[in-house]
Amino acid sequence: MDTKVRLEIYRKMVLSRRLEERIAELIKSGQAGGFMHPGVGQEALQVAAIEALRPEDYLMYAHRGVAYWVARGVSLGKILCDLAGKEGGTNRGRGGVMHVVAPELGILGESGTLGGCFPIATGAGLSIKVKNEDRVVLCFFGDGTSNRGTFHESLNLCAVRKLPVVFLCENNGWAVSVPTETSTANPDIADRAKGYNIPGVIVDGNEVEQVYEAVSQARARARRGEGPTLIEGKTYRLWGHWIGDPDNYRAREEVEKHWRRDPIVVFERKLLSDGLIDDAKRDQISAQAKAEIDRAVSYMQSQPFPNPESALEGVYV
Amino acid sequence: MRTITYAEAIREAMTEEMRRDPSVILYGEDVANFGGIFRITAGLKEQFGDQRVFDSPISENAIVGAGVGAAITGLRPIVELQFADFLFTAADEIVLKAGMWRYVHGGAFTIPMVVRCPSGAAGVGPEHGQCPEAFFMHTPGLRIVSPATPADAKGLLKTAIRDDNPVLYFEHKLLYATKGEVPDDPDFTVPMGKAAIRREGDALTLVAFSAMVPKALKVAERLAQEGHNLEVIDPRSVSPFDRSAIIESVKKTGKIVVAEEAYKTLGVGAEIGAMLMEEALEYLDRPLRRVAIPDVPIPTAAALERFVIPNEEKIYSACRELLS
Amino acid sequence: MRTITYAEAIREAMTEEMRRDPSVILYGEDVANFGGIFRITAGLKEQFGDQRVFDSPISENAIVGAGVGAAITGLRPIVELQFADFLFTAADEIVLKAGMWRYVHGGAFTIPMVVRCPSGAAGVGPEHGQCPEAFFMHTPGLRIVSPATPADAKGLLKTAIRDDNPVLYFEHKLLYATKGEVPDDPDFTVPMGKAAIRREGDALTLVAFSAMVPKALKVAERLAQEGHNLEVIDPRSVSPFDRSAIIESVKKTGKIVVAEEAYKTLGVGAEIGAMLMEEALEYLDRPLRRVAIPDVPIPTAAALERFVIPNEEKIYSACRELLS
Amino acid sequence: MDTKVRLEIYRKMVLSRRLEERIAELIKSGQAGGFMHPGVGQEALQVAAIEALRPEDYLMYAHRGVAYWVARGVSLGKILCDLAGKEGGTNRGRGGVMHVVAPELGILGESGTLGGCFPIATGAGLSIKVKNEDRVVLCFFGDGTSNRGTFHESLNLCAVRKLPVVFLCENNGWAVSVPTETSTANPDIADRAKGYNIPGVIVDGNEVEQVYEAVSQARARARRGEGPTLIEGKTYRLWGHWIGDPDNYRAREEVEKHWRRDPIVVFERKLLSDGLIDDAKRDQISAQAKAEIDRAVSYMQSQPFPNPESALEGVYV
């Protein structure tokens, strides 16, 4: 894996982590509201997968954190404005952080009803196929979300029409308070691929290289016109389901065990041992992240709340 | 002008628009090889190929949701649901996705898609025979069209396909075989949101759309012979909804009957009644009458269906009551 | 009489009914281990075991449809949807299965199920913040309940659980923490279909349900100080719908304002307006006023949400206009 | 396999076939309307599976023909009254032949929207489990129907809660005019079982013994508390999708090829060669069927149409 790519992935993972830590402060201090579902612990899966894309590809992200947007290059200031319900964000306070959008980056938005992502991603794949374009769709979703009927309908439709869609399950073992085994008869989501005659791949979602490799191969397959791939990344949600979640439904030991596999620490060690970064470089990256976030926060604070009457605009073209 | 059927008018509209714009595609169950279970799409696959016209699995959520996904990425999909009732199986995709994806994302996208929905009671019960316009009229973000004539079927479908908003297009199964004159001009379109005054009069305002229009016109003729000149208004689309056409007419007539093939409670007639109470109260000299399904699921047996679906007799007596 | 919260009242009703009848079960996302994301079902799994109280997958169609299947085979399921908006993801199961399974099968079954739906805008947009009563009020076969007080929350939920018809039970998120007196009698129930006159008066009829009731009462107090005695009517259920309570009140007041947290077009206010135009036209001396969401999806940002959701100020000015 | 059972299956297959032939005449002569989807060609699958049930079991049949009801013992007269929209049937003209019901026989009705059957069957399974009863649910569905999202949600829920439900796919190769391969990425529906950690079994749906055996085993498994089984019976629809279907979308040769595997002929040959029936016996069974159907038709003809006002009754309890 290319060094520049690895460093870029590391930088974005750190930036995402720092941003979520800051967002937690903003929410706790009442400077921002909104339904924020932190992605702490899943950054390797999210960032590495998106780095494997090309600029022209489409992205359907999941509800789990900011790393998708950071990886794709959405300005942090805009993300914070969406969080705070201000102008200057991506959706003018209409949809908040649940609907961050950036068509110019291929980011198609989010469905607040889980599983709404699958048919939309399918339709984007249909566009690519019909228009014969050189791009793919990457669709993230959680293990719990994989139990919506839309998963089944969409994977079958994509597979039978050989649409260029990569489905990436972030299996973090939980859906809010429900462990995967309690809700999901076969906790290996990738085993469902056989039912659609498509490849099903399981990777360690906290291992940057495995994720990057799997998504790259799935992307290539999609571009060869061979259709979708179902990738499952095993990972873990280190924070609560949302900011404010009592998180009293998981054993502390379980959570602590996974902190020891914190993907940022894991990846950092590798980069250090491979000599790609040293302590100075690491501190610099983290300092740069802090500075960038500071700028974003003041941008957000400088932005006005939307004009109330503007709520009436833009329902129809 | 040529005389063609409502079914042919729909097919013509799709054919012309697909020829005109390569981004228009069509899919749904049995639409390609079979030409649709009502034969509306016959020949389109042969003309436009199996990438632009294809058979989908029986997966209504994916059918509708993929339409939204395709629409926000540059296509203009026409999706056919085999029966309008199946909108319920895809209600999240219809109401919260098609209807709101643009708004919640701050206007980042347009959603130029059309969902074709064969509607109407035909001895097939409440899962294959409803006219669910009113359900979706409550939702912001959707356009809802219900043509009653071949000319409107063609003109409104062309407008719907060219429109950048999601459109639910209700085609009544019992109208497919009806004939009417349709202009030859390939650019003939009918705007959404503009009611058609099917018949001018000052005795009473009779509002009807879709398959209720021919029934309303027969009733109007019968009452004309009895010396009452009815004004028959066909809104043609309930979103956008030509409120002023109805209000203006009622200011003239002071009386209104609404005939529709929906359940009475919160049918389109409810919105019309409330709107008139808001904006034309002083002009109303008689109570509202709603001729609609008496709030029971549509039964299958002909003997029962006939009893619950509005017919000329029921529309006639509602009008008669107000005129006496 | 004890003073408890709306949330506690809901929990009490479930606890008592599950104790009373072993055929009552409860399931939904996060209801068992976590006690529900709004903590409404806390402790129930511990009391009734993991067969009668369990966590379901994120599968709304199966959650609701299995409720129908369980109900026609002898259980009385209470299913919790995490947000009322998710009714759309299961609309076929709600409208065509729960609502009509009994009718289309000739009355062979009863469907004693309750779908608990947390409703209401709370800074979470149109996929987690709607009050969709009006959508489902159009459908025959469903009971629809929207309590405004802890006493009604408890009494109506107990009635709903004991009822042999499918009930959509809307519990407003912003009411969970509100307190009120609730009778101690474990057999205290509140009938569906009986409006509560929250305040008697003759100046104007103000109809409000769910979270609009406290707002309506504040407005009524304010106007009382200005010398206008409002009658505040809380229908409590829109199916069955206590039409006569509203009609009788309007015959007395001649004026009506409807405040609701639904989209204005075809909201519950539309049915009320049409009904009055049918049955009380001659008594109305002022136009109808509907205070509702101005037909836009509910925006997320507080600044925008506040603008579209009916509040005291908007209800007040609508009443004031009619009173002047 | 028990001789009495085999003969009973044969009798019911013949009775079903003759009844559908008569229904076709009634519809063509305008004596009955309704959406009739004939099951000609699929009787082995339908009858043998239902014979493997016990009287206390629940049945969710599919839309494909009359054999389900005949096998379960619904009186033919009632079926014809439902078809004709008359009193004297099972649903008083409310739902017609799409909603034949018989709670006393465990027949729970039909969902007119395909796939509505899966959650309902799941709920019936839930009742059995919660009440700890000694029965199972048998849920029939077509290959096309298996692409509804409700299939996925229900199989997962049944599997994870180990509900006693047997899912039986009638894979007849077509969904109206659409061949299974066109709509279904993996035409072996049973391959989806792996995604739910349950057994997936493929049988020749035109072989009575294979079907009976598979359903018996699945039933036993369900009763042992081990949960659902997904059985797929490969079969073929010999008539059109509905009575009146031009059926111009299938190659004549294909249809003729399958007529040579007509399950009734196939099974008849076996019974003859096993000496369980002879020509006389066969003719007698067929004559009895005809007589029974004649009685049913006159019962239907003697029944009144429902009183129109009765349409208003029975929406609520």
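Letters A, B, C and D mark the chains as written, and numbering starts fresh at 1 in each.
Rule of thumb we're sticking to: a contact is a pair of C-beta atoms (placed from the backbone, for glycine too) under 8 Å apart; a residue touches a chain by one contact, two chains touch by 3 or more.
Every value quoted in this text rests on a predicted model; they were computed, and no experiment measured them.
Participant: So which chains count as neighbours of both chain C and chain D?
Facilitator: A, B
Participant: Can you work out the whole-Å distance between the CA centroids of chain A and chain C?
Facilitator: The separation of the two C-alpha centroids amounts to 36 Å.
Participant: Take the average of all CA coordinates in chain A, do the same for chain B, and state the distance between these two points in whole angstrom.
Facilitator: Chain centres of chain A and chain B, defined by C-alpha means, are spaced 40 Å apart.
Participant: Taking the mean of the C-alpha atoms as each chain's centre, how many Å separate chain B from chain C?
Facilitator: Between these chains, centre-to-centre, one finds 30 Å.
Participant: In angstrom, rounded to a whole number, how far apart do the mean CA points of chain A and chain D lie?
Facilitator: 45
Participant: Quick one: which residues in chain B touch 2 or more of the other chains?
Facilitator: As it turns out, chain B has residues touching two or more other chains at 56-57, 59, 61-62, 85-86, 88-89, 92, 96, 103-104, 125-127, 140-141, 295-297, 299-300.
Participant: Where in chain D do residues touch two or more other chains at once?
Facilitator: 93-95, 98-99, 111-113, 147-150, 153, 156, 160, 182-184, 315 - these are the residues of chain D that touch more than one other chain.
Participant: With chains as vertices joined when they touch, what's the shape: line, ring, star, complete or other?
Facilitator: Contact map by chain: complete.
Participant: Spell out the part of chain D that touches chain B in their complex, as residue ranges.
Facilitator: Against chain B, the touching part of chain D is residues 33-35, 85-86, 93-96, 98-99, 111-115, 144-145, 147-149, 175-178, 182-184, 249, 305-312, 315.
Participant: Mind listing the chain D positions that touch chain C in their complex?
Facilitator: For this pair, the touching residues of chain D are 58, 89-95, 98-99, 101-103, 108-109, 111-113, 116, 118-131, 149-150, 153-154, 156-157, 160-161, 313-317.
Participant: Can you list the residues on chain D that touch chain A in the complex?
Facilitator: My answer: residues 147-153, 155-156, 159-160, 182-186, 191-192, 194-198.
Participant: Name, in rising order, each residue of chain C that touches chain B in their complex.
Facilitator: Residues in contact with chain B: 85-86, 88-89, 91-92, 95-96, 99-100, 103-104, 125-127, 134-135, 137-141, 239, 241, 262-263, 265-279, 281, 284, 286-290, 295-297, 299-300.
Participant: Provide the residue numbers of chain C that touch chain A in the complex, in ascending order.
Facilitator: 29-30, 33-34, 37, 55-62, 85-86, 88-89, 123-128, 294-297, 299-308
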